[in-house]
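Working notes for the structure below.
Labels run A, B, C and D following the written order; every chain starts at residue 1.
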Amino acid sequence: MVDWPLIPLTLLLFALIGALEIMQPGIVKAFWISNTIKAAIPLAMLAACQTLTMLTGGIDLSAGTVATIAAFVTATLAPLIGVPPAIAIAMTCALAAGLVNGVGVAFFRVHPLIMTLGTGLIATGCLLVYQRFVISTGTLIPPSLVWLGTGRSFGLPNALVVFLPFAALVIWAQRRTGFGRLLYAIGANEAAARLSGVRVWQVHLALYALSGLIAGLTGLVYLGIVKTASLSLALPLDLPSVAAAVVGGTSIFGGRGGYGGTIIGALILTVLATMLTLLQMPEGGRRILFGAIILAVTALFIRLTDRT
Amino acid sequence: MKRLIEANAWTVGLAALLALLLIVTKLIQPEFGASGLDSLARAALPFVLATVGMAVVVIAGGIDLSIAAMMAVASVTAARLMEGATDPQSVLVLITVLVLGLAMGAINGALIVVTRVPDIVVTLAMLFVWQGVALLILNAPGGATAPWLRNLIVGGVTLPGFPPGLPPSLTDWIPKAVVVMAIVVTAVWLPIKRSKLGLMFYAIGSDPLAAFRSGVPVGLTRVAAYAVCGLFAALGGLAVTMSTGIGEPIPGPYLLASVAAVVLGGVVLGGGRGGLLGPILAVFVLRLVRMDLTLMSVDPNVAAIVEGTIMVLVVMFGGLLALRGARLDRTG
Amino acid sequence: AEGYKIGISNTVQGNGWREEMVCAMKAQALASGKVESLNIAHRNTDAAGQLEDIRNLIQAGVNAIVVNPANADGINAAIKEATDAGIVVVAVDQAVTEPSAYILSNNQEQYAYLGAKWLFETMGGKGAVVYMRGAAGAGADNDRDKGFKRAMAEFPEITVAQEVFTGWQQDQGKQQINDIIAAGVPFQGVWTSGIDNVIVDAFVESGAPLVPIVGADNAGFVGQLQSVEGLVGAAVTNPGSVGGAGVELAIRILDGNAPAEKTVLVDPVVWANNTDEGKKLLAEAANPNLSPEWPVSVSIPGWTTYTMDQIIACKGPGE
Amino acid sequence: MLDAPAPTAVLDATGVAKRFGAVVALRDASLQVGPGQVMALMGANGAGKSTFVKILTGVLKPDSGHVRIKGRESTVASPSGARRSGLVPVYQEPSLIPDLDIADNLRLGNTPVAPFRHWVAELGLPNLALDAMIRSLPLASLRIVDLARALALEPDVLLLDELTAALPTDLVDRVLKTVRAQADAGRSVIYISHRFTEIAAICDRATVLRDGHTVADVAIEPGIEERIVEMMLGGAISPATTGTRAAHKSSGAPRLSVSHLKTGNRLRDVSLDLYPGEVLGVIALEGQGQDELFDVLAGNRRATGGTVTVKGKPAQFSHPADAIAAGLTLVPGDRAHALLMSRSVRENIALPLVARLRTWGAIPMRDEAARVTSAIDRLQIDTRAQGEVRRLSGGNQQKVTIARWIAKGVDTLLLFDPTRGIDIRTKRQIYALVRDLADQGAAVLYYTSELAEIRLACDRAVVIFNGRVVDVIDAADADEPTLMRAAYGLTEKAAQS
């Protein structure tokens, strides 16, 4: 249990699913599972931005905005210039936002929270200015993204085609690459990493650029899932993406955690959302229950994995 | 003395920036005067209270993501209980709400200590819980506020030393809201700061292990820090109700704003360093930027860009100064 | 001639409906030819923040303020200060209780009532509905709830299968209806508070049989009402152009032509695709190029005077 | 071998056990200390000494065991509880609040200021400003503040856990004198150190721990040293090569050449040459510029004057990475600055292997594992708690900071007091290791606060005083009095400068 924190977390996830099945007998079937996975994927992807930056003691509060921009730009440019160029431009915007974050954090040592909050504000402003020029150009959700977002093969959502390699890559990178090691090292003790020859600015720059790209990719997948070019498309995912990472065991102060836990965290949040949707009670009661269950699950998780 | 200025360089810088912005405002809008200051102060009041609460827990090494939700609970409770209440009753309501704030904060803190779950997770969960509680108390904006409470923050206070008989437009330069803010913040924080409790806040924020070994009851101190945060959240919620006259169950934009102001104000996330004056000044800077943007009728979307840029630039500038200081002998 | 200086205050940013409202305000100001400059405070905030914005607008010395209030009572103080200073205040979209303000409002209660009534009738007066509300605790959501309840009272055999809050978020609404479909909860109709096209998508994607759906006149949903096979539904108008009308009202008052009544209600209309008349209205209104979150009712006859091109250009005086 | 518990014992602990998950830190530890007694607590790295101290002072709860204080059964539940019982510790890691100044730290622990002032002056820091931020103080001063704070509380039992490990010679002397005086005044002291000279100088008895067991409680008398070592380690070890080394042939070009180096107001003018195959010792009292010298050479600080030449090429480092690229690697004095406390032993050791941009890709896991394992073996790191370095004992943490560069492969090694807190057996291994590395062509600059180490590990020693090199002494001539005189600047050269 101690060395495999994912096992108790996964058990807790299954316990929640069990509770849901008791609450709503018959719900746990292929269709629901596929839906749940589909809903958890964008959350888990955006939470990758939080997990990776949190490993260094940072955070990326611009992720939701960047995802929204990528989606909105793709949907509005696609009818004008075609799908591939639209996606290319969208991802360039995402990368640019990530680089701005990276430059601020790496060279000017701006606290990531302020830097990404500021970039998020700036990017939101840019998006709103941009949208005035495309009010009447119509939107096109690229069919490939619709296939990814809404299609199903063998009873499983097609989004897995993107997500599985993505998750494998992130987990591999975080455990088995020099870059991944450096994220933990910087989060654990930046001065020590520096003394060992790490040029911290390089890591920060690469990290936030990567986070921007991941957010952009999430935006594309989400566009395929929701199928609406909305100005606030992925913004509601911002807080849950932080929640998925911390429920999954990543510390905001850096040096601890990993993406495996985040994925389970995202699934836990998604299952909880379903439970609350189906629960017949006043909205206030639902929220209280939601908070209480998150707290209980995390507390249990910590009890199960604690050494002392 | 030099050390004192050095230690507070950031705060002094913020004060200078605020002064500069006030001058800019006066240039943009020559009529800017007592009423402008008054509206600035009233706008800043809930932000200041939220920021002060947040600053206290951040200094103590924590963070409270539920602060805006607690404000909402306080706001709807006050509005609901004050509907049709007499003045003496409304004083009672006031006290109830403050106690409620303390209790909410203490619950947050106690859960952190007892469950050993990281504070960010606990307060994130409690964010939903307090939101839910607010909705159960009032499911739509409503309720009322005692008129004397509303008047508490309207208008200005005559500067001492002014000869009586001058028109109020000349004398009412100190907004009542600022006076309320100053009284409330000093009344709560000064005794804490002076006593050992304040020291213990800094100690557990700086190094909880060393604090424990120095004999600090770390758990209790943490609960106290969160309780103080809850108290300020309640005050913030009351401030919202005082200015709007009603209670709103949906939390306002105080969470991110308070975290941003805390960091802008020179309090280090992670704990142990910083004071309350910096964050308070940061709130005023942010509010004044917003006011200037409206006065200059900047396109609202561009305004978001400007606000974000200014926020980043201020911290960047500070970062550069710190880097230059460090560069003198440190490499890289 | 010296034009008017008009201030705008709005507290929701990045929502298609509100963006259209702001564009309508700008377009109307431009089209009127009487407005010299617009001073727009447009951001995400609460009533306390709106008080701040209105006071800043007073500081800026505007002649009139058109405000979409965060709620009915919360900003009265600032409105009073404005009208005391001789500034004309017009509340659009939602009413305020401050008597010195003019009100040009969409009738939210009626909006919900009309849609729900159509839905219950279409369902044959009995069955269960999924009731997808807006944001919990919001004033407009509460008003709509009153209208919905009023319709419910008229149809005793209608029950609510599931009541959820979408938070007026597309993704959340879609996820919720997916869950409800997956859970096998039986229902015969869906009433949505404006998160509509994703709901239709969810039915189509999951292969679940379509039920009657009520939404708003958003471009996306209006398009679906005409194109989706087997979809019976109705769009209830909730024009964002009410903002343009508010600006026009402010100009008229400043010109000295104040209306007799301080309150003007814009009543919603139901466009259902199961009647010929509704089909015709839908066909007229549909605009496939319009941003899907934008309401298609881009003008209000008798009030707004801008052209389609002007509102889409979204430019105010001096831009 | 265990004596019967002294009836007069002030502190009497028996059967104490403590485990951390799978790691058993203490199995059956006991300890008795009488009034006026200095009791040494001895044991190899990881034997459980610090854990024992933490249990006695209420930081940790024991799994079992009894503690009697002044004859009464007691359960010390917290550090403040320990203090009420008269037990005051100085822990192995500094336990002051970094973001408060000294005065506030005293206030926090209800420490009276006047006695504190008295003790810091007594201990050799008369000019310490009470409004100095803890964060800005050097490690040695922190240790003194820690001790003075404890003394000011007038404890019945003073527990000192490797207090002297990070102290320069001059301060050690004062500490020893002070501690002995405490005992002579009737107080009890529990004293942990890996330095036998200190034990011999002030302790009356020694309690020896091995693998969490108390294996002996013996009186300190001449010749007991080897027996204690045997009991600590469960067997004899080969004696250190105390024979003086053949003076190194400083032929060929120097690997590292420093000339007239200057930075800050402490390092004024240092020149020295370091040859491949040589271990060059550095001796200095506290704050003579040695920290700055190592920092500049490691690229952690800029020089304001002078030159550094590496392998004949002038070098200027603007980042530690530059120094590392030039082959200069540093083991810093404060291990807290070098370690990723929340990460595993492996990640800590392998950190330099992934630091460069071109090593950001896939890690060659086998190669890494091999290097790490061999480094762990060479330094005999106790890896029972290897999942997180902060759970290692202090000495084992120190070893990790050295192992890192062994795994990377060394060219020029800058060791700043590398044997801090390391037990006697490992110390000897480290001397052998350093010698090995030098024999394989490495150049080593070796600052030490233990004068005896010069003869055990070095070829030559430079003595720095007041920011200048005042003497260069051959290891053969480097007996302690000579070094000490030089370190205090009592040589002709120093008099000239």
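Definition applied: a residue touches a chain if its C-beta (ideal position, glycine included) is under 8 Å from a C-beta of that chain, and two chains touch if they have at least 3 such contacts.
Please read these numbers as outputs of a predicted model, since none were measured by experiment.
Asks: If I rank A-C and B-D by number of C-beta contact pairs, which comes first?
Replies: A-C
Asks: Measuring centre to centre, with centres taken as mean CA positions, what chain is farthest from subunit B?
Replies: D
Asks: Starting from the mean Cα coordinates of subunit A and subunit B, work out the distance between those two points in Å.
Replies: Subunit A and subunit B have C-alpha centres separated by 30 Å.
Asks: Based only on mean CA positions, could you tell me how far subunit C sits from subunit D in angstrom?
Replies: About 71 Å separates the centre of subunit C from that of subunit D.
Asks: Please report how many Å separate the Cα centroid of subunit B from that of subunit D, as a whole number.
Replies: 45
Asks: Can you list every residue of subunit C that touches 2 or more other chains, as numbers and ranges?
Replies: 13, 136
Asks: Residues of subunit B that touch two or more other chains: which are they?
Replies: As it turns out, subunit B has residues touching two or more other chains at 134-135, 139, 299-301, 303-304, 332.
Asks: At least two partner chains per residue is the criterion; list those residues in subunit A.
Replies: 124, 128, 132, 194, 199, 283-284
Asks: Which chain pairs here would you call touching?
Replies: Touch list across chains, by label: A-B, A-C, A-D, B-C, B-D.
Asks: Which part of subunit D faces subunit A closely enough to touch in the complex?
Replies: Touch list, subunit D to subunit A: 20-21, 298, 300, 319-321, 324-325, 330, 332, 337-343, 347, 350-357, 359-363, 365, 387, 404.
Asks: Which residues, counting only subunit B, touch subunit D once they are in their complex?
Replies: 3, 196, 199-200, 202-203, 205-207, 209-217, 272-273, 329-332
Asks: Once bound in the complex, which stretches of subunit A touch subunit C?
Replies: Within the complex, subunit A contacts subunit C at residues 24, 26-27, 29, 31-32, 35, 39, 124, 127-128, 131-132, 134-139, 150, 222, 225-237, 273-274, 277-278, 280, 283-284.
Asks: Would you tell me which residues of subunit B are touching subunit A in their complex?
Replies: For subunit B paired with subunit A, touching residues are 63, 111, 115-118, 120-122, 124-129, 131-137, 139, 256, 259-260, 263-264, 269-270, 299-309, 311-312, 315-316, 319-320, 322-323, 332.
Asks: Going by the contact rule at the top, pick out the subunit C residues touching subunit A in the complex.
Replies: For this pair, the touching residues of subunit C are 13-16, 19, 23, 136, 162-165, 167, 169-172, 174-176, 178-180, 182-185, 197-198, 201, 205-206, 220, 287-294, 312, 314.
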